[in-house]
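Structure record follows, encoded as structure tokens.
In this document, chain identifiers A, B and C correspond to the written order of the chains, with residue numbering beginning at 1 in each.
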Amino acid sequence: MPTDPATAALWLVLIPLVTAVITFLLPSAGRCLVTVALAIALLPLMQLIQYLWVVDGSVIHALGGWAAPLGIAVSVQGDKAFLLALIWLVCVGVGLYSLRYMGEGYKAFWPLWMCLWAGLNGLVIADDLFNLYVTLELIGLAAVALTALTGEAAALKAAVRYLILGLTGSLLYLLGVALTYAAYGAVDMPTVAKVMTATPTGNVAIALMTVGLCLKAAIFPAHVWLPPAHANAKAPVSALLSALVVKGAFLILVRLWCDVYRNAQTSGAQEWLGYLGAAALLWGASQAIIQQRLKMLIAYSTVAQLGYLFLLFPLIPTHANAWPGVLLMLAAHALAKTAFFLAAGNVIWAAGHDRLRDLDIVMPRLPVTAFAIALAGVSLIGLPPSGGFLGKWLLLGVAMESERWWAAILLVMGGLLASVYIFRVLMLVFSGKAPSDAVSFQAPPPIMEWAALGMALAAIALGLASELPLALIERGGRP
Amino acid sequence: MELSKVYMLAAAALVAIGLFAILRTNHVVRQLLGINLLGNGIFLLLIAIAQAPADAPEEGLDPVPQAMVLTGIVVAVCATGFALTLIERYRAVSGCLTVKEGADAD
Amino acid sequence: MNSALLLPMILFSSFFTGLIIFFLGESMHKARTFLNLLGAVLKVVLVVQLLAGVHAEEPYHSVLKLAPGVEIVLTADALSVFFVTLSAALWLLTTIYAIGYLERSPNRSRFFGFFSICVSATTGVALSGNLITFLLFYELLTLSTYPLVIHKGGDKALRAGQRYLAYTLIGGAILLFAIAWLQSLAGPVAFVPGGALAPFADEHAWELKVIFALLILGLGVKAAIVPLHGWLPNAMVAPAPVSSLLHAVAVVKAGAFGIVRMVYEVYGIELSRDLGLLHPLAIVASITILYGSFCALAQDELKKRLAYSTVSQVSYIVLGAAIFGPVATIGGIVHLFHQGIMKITLFFAAGNYAQALGIHRISQMNGVGRKMPWTTVAFSVGALGMIGVPPLAGYVSKWYLQKGGVEGGEPWISAVLSMSSLLNAAYFLPILYRAWFLSGSPEQEAASPAKRTDWWMLVLPPVLTALFVVYAGAFAETPYSPLEWAKMIAQREYEP
């Protein structure tokens, strides 16, 4: 195992990548190998966090000894370490669940998932715009393949649509990267940030990258591909897509606007991202409220929750609490949404369908799953003491400090709208309808129910123990 | 007109045609072709950027964009191959090659 | 005992038992009963210890830091201990009552799990030392009572539950907004005797007024202030022990307690007066008192009449907070306790009528006094207390409120209170008359209460609370009576 913290970051990309190759060659060993990989990955992760904790610096590594701008650099600061840990945690929850859920017919799941994980870790640590493109494509293709895993018509259709929009998005991003290089002669983010001055080419570049990433991040009105893709995939896949994949593009957007193009006179555009967030919040929640299928409801909830991340986008560089708040919201949503989708998988396992109307005889028989949904709901609504509450509280403070009353009101209203669709599901538990034996009911394995509950508890614990993550986020500062 | 300008104009044309194809049609294979055109346009642009400026020919070719194009082509080949497989599977299951908006629930 | 541990232990004595109860099988009746009683008795023991400590002015303080400016703080001052004692004592009785009441009904583990968490949330509301902590437990209370309200299942219960959620969640959202706003003006706000906002009054007077209105709006939903009371009569579909809990111990009280906290320990009574906040609050409370009583008159369903009576009575507490002067403060705060014990007596009795004779309507109550003497005596004591007949508990609160109104320069309060007492008499006395002096139709007369060996579990709680109503009224001047505590609280609020 690595002794140098900088190589630890690279191990986090290598471990899943190697596992992907091996599981591809030995499909029947997928379960074991992935479990081992998840366990091993804990070592470099802990090493990174420990290093950042003790040294309070930034870990920078130049690949192959070539320093930027010619070479490729990766770096890890506190916020990135936090994200790496979050990705790992979600993967553990999904992994535990998939041990039982992913049957023999889904051998392709393991290598694809490992590719996705490698791509996500790479996206978090990469410091260069072109590398980000490569990780985006890796994530995008793996995600599309995972969506199509069931081979059903609806899933394939959603996957094709996702693929076309995803490829278009990443190519628009690549076009922006090319123009950035034309304008500033570098794609290494810190270098570009240093030489950045507003030029027409540079402005076109950031505009193209933003449009491409918005497509991938499924921010309103580019969200249309998301609900069918997330709702028709297998439950662990939906969890990965909603919890992590859409956040990848968002993270790049934040780094572009807040680190690289920080000095550009383009604040008007940033405001618009905030307005899009507001629209996503309202549209996603109102769509979630009227859905007839559980997984569609959860998918639209993702559209709404992404809105929270964008709502205060323009304030991220200027307000100290904004970035920690956004990160907490992001993490709480990732954990809660994983729990929610895994729980939905249990419901489908038990009932054979996810039509809300007919679930009132199934839900009372799944108390652990119902609890998972309830706790995940607490975080999604933003009730104390969940991670979702704490994130919202920090953002609310920022919104009020900067006198953005519309954003503050939306933050509170978003929670109310979320409670409407969450309680639409929870009400089914208390329907009082006696479970009859006439209805086919297949009890899900306990590990699947507990994996969902574990993720939901993590979303709550994130709020109760948020002092640690918040301290970690501050470590090493922003590049 | 110097070579890099020609490249750039051609790149712009390819990008425009590609985007037009993606937006205009509902046929996924055509959309995929559009995506490939868009990608090729970007590669051409990178090649053009790599050309030494006319007033300082002694600087020679910039290797970084060329490396990007190389990587990009690899990614594009993979993506296209995967996309064609997926589309073929979709055609086999559903019997059509378009993805209509809406009507996805149930 | 270590004073830093005492408060979390009081909180968790019911929380953890609640969590364990969830995982007990439906058939493990004995284990569940044991755990329920263990949690309840343990809580009472711990609270008694706390009571002694606070009386001796020992400081209690436990902090859990979550984020910059977000701390979970538990403190125990005279006011919070007052509320904690009420909830712990009544919870013990309600637990006994609920065990008897829900005998052989389905989903008992779920019920008692949420029941315990609900009481933990109430304790948390009482012990919270700052606004964020208060909000946390206030929302937890909403979530844990929702499953209790809709426990019976069915469309009617679910609809009532929806209504309950709609009101309380919107109230919670408004509260969240107000607290966040307050924090952005004044930093983290802790509960301090005499209030903490006076330094900001000059600069932000306008904002503070708006925030106060929002706070009252958010808290008023649970305190059932007119016109925010719409959920309460509907929530009567819940089983009787839940109604007792909602009305006497937990939800409604949490709202009223919150208003008292805001007026005395966030704004401070003097600042509230100087900002001109008290007078409107007094008017709102008076309207609620009269409106609730008028509505109660029109109800034939016993539990609904009691529900509207709660709407009216809880605003006595708000009224006490809204009049400047220690006497009115004493009247309002002591009513927090008195209303609790009187109302819970009435609900226990109403539950007994429903359980034993299937009586839900007042028109069916002819002659129940002879069939169920103990229950009916308890009911009568509770009702007479509500009317304010001396020497019962209600008389003491009303007397102090009346006197406080005169001293605080709001003599019209006397008229409101007399009017309310008349109305109370108008809707309670006919019930007592029916129960004791009228006889019902032949088939009603023929029906007799089912014989049950565990009947004592249903009769003992109302009798005990009724006895306490007499004690709190007749021996109001003895040490450790609710009145003496209320006096101590008022003294500490006015001379911080």
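The definition used in the following text is that contacts are C-beta pairs under 8 Å (C-beta built on N, C-alpha and C of every residue); 3 or more make two chains touch, one makes a residue touch a chain.
What you are looking at is a predicted structure, and each value in this text was computed from that prediction instead of being measured.
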{"item": "Chain whose mean Cα position lies farthest from subunit B", "value": "C"}
{"item": "Chain occupying the most central position, where position means C-alpha average", "value": "A"}
{"item": "Inter-centroid spacing, subunit C versus subunit A (mean Cα positions, whole Å)", "value": "43"}
{"item": "Rounded Å distance between subunit A and subunit B, as computed from the means of their C-alpha atoms", "value": "27"}
{"item": "Inter-centroid spacing, subunit C versus subunit B (mean Cα positions, whole Å)", "value": "68"}
{"item": "Residues within subunit C bordering two or more other chains", "value": "none"}
{"item": "Subunit B-facing residues of subunit A, complex", "value": "70, 130, 133-134, 137, 141, 144-145, 148, 151-154, 156-161, 163-164, 167-168, 171, 174-175, 177-179, 181-182, 187, 224, 227-228, 231-232, 291-293, 296"}
{"item": "Contact set on subunit A toward subunit C in their complex", "value": "321, 324, 367, 374, 378, 383-385, 390, 393-394, 396-397, 400-401, 408-409, 412-413, 415-416, 419, 423, 427, 430-433, 463-464, 466-467, 470"}
{"item": "Residues of subunit C touching subunit A in the complex", "value": "22, 64-70, 72, 110, 132, 135-136, 139-140, 143, 147, 150-154, 157-158, 161-162, 165, 169-170, 172-174, 176-177, 180-181, 183-184"}
{"item": "Contact set on subunit B toward subunit A in their complex", "value": "15, 19, 22, 28, 31-32, 35, 38-39, 41-42, 45-46, 49, 64-65, 68, 71-72, 75, 78-79, 82-83, 86-87, 89-90, 93-94, 99, 101, 104-106"}
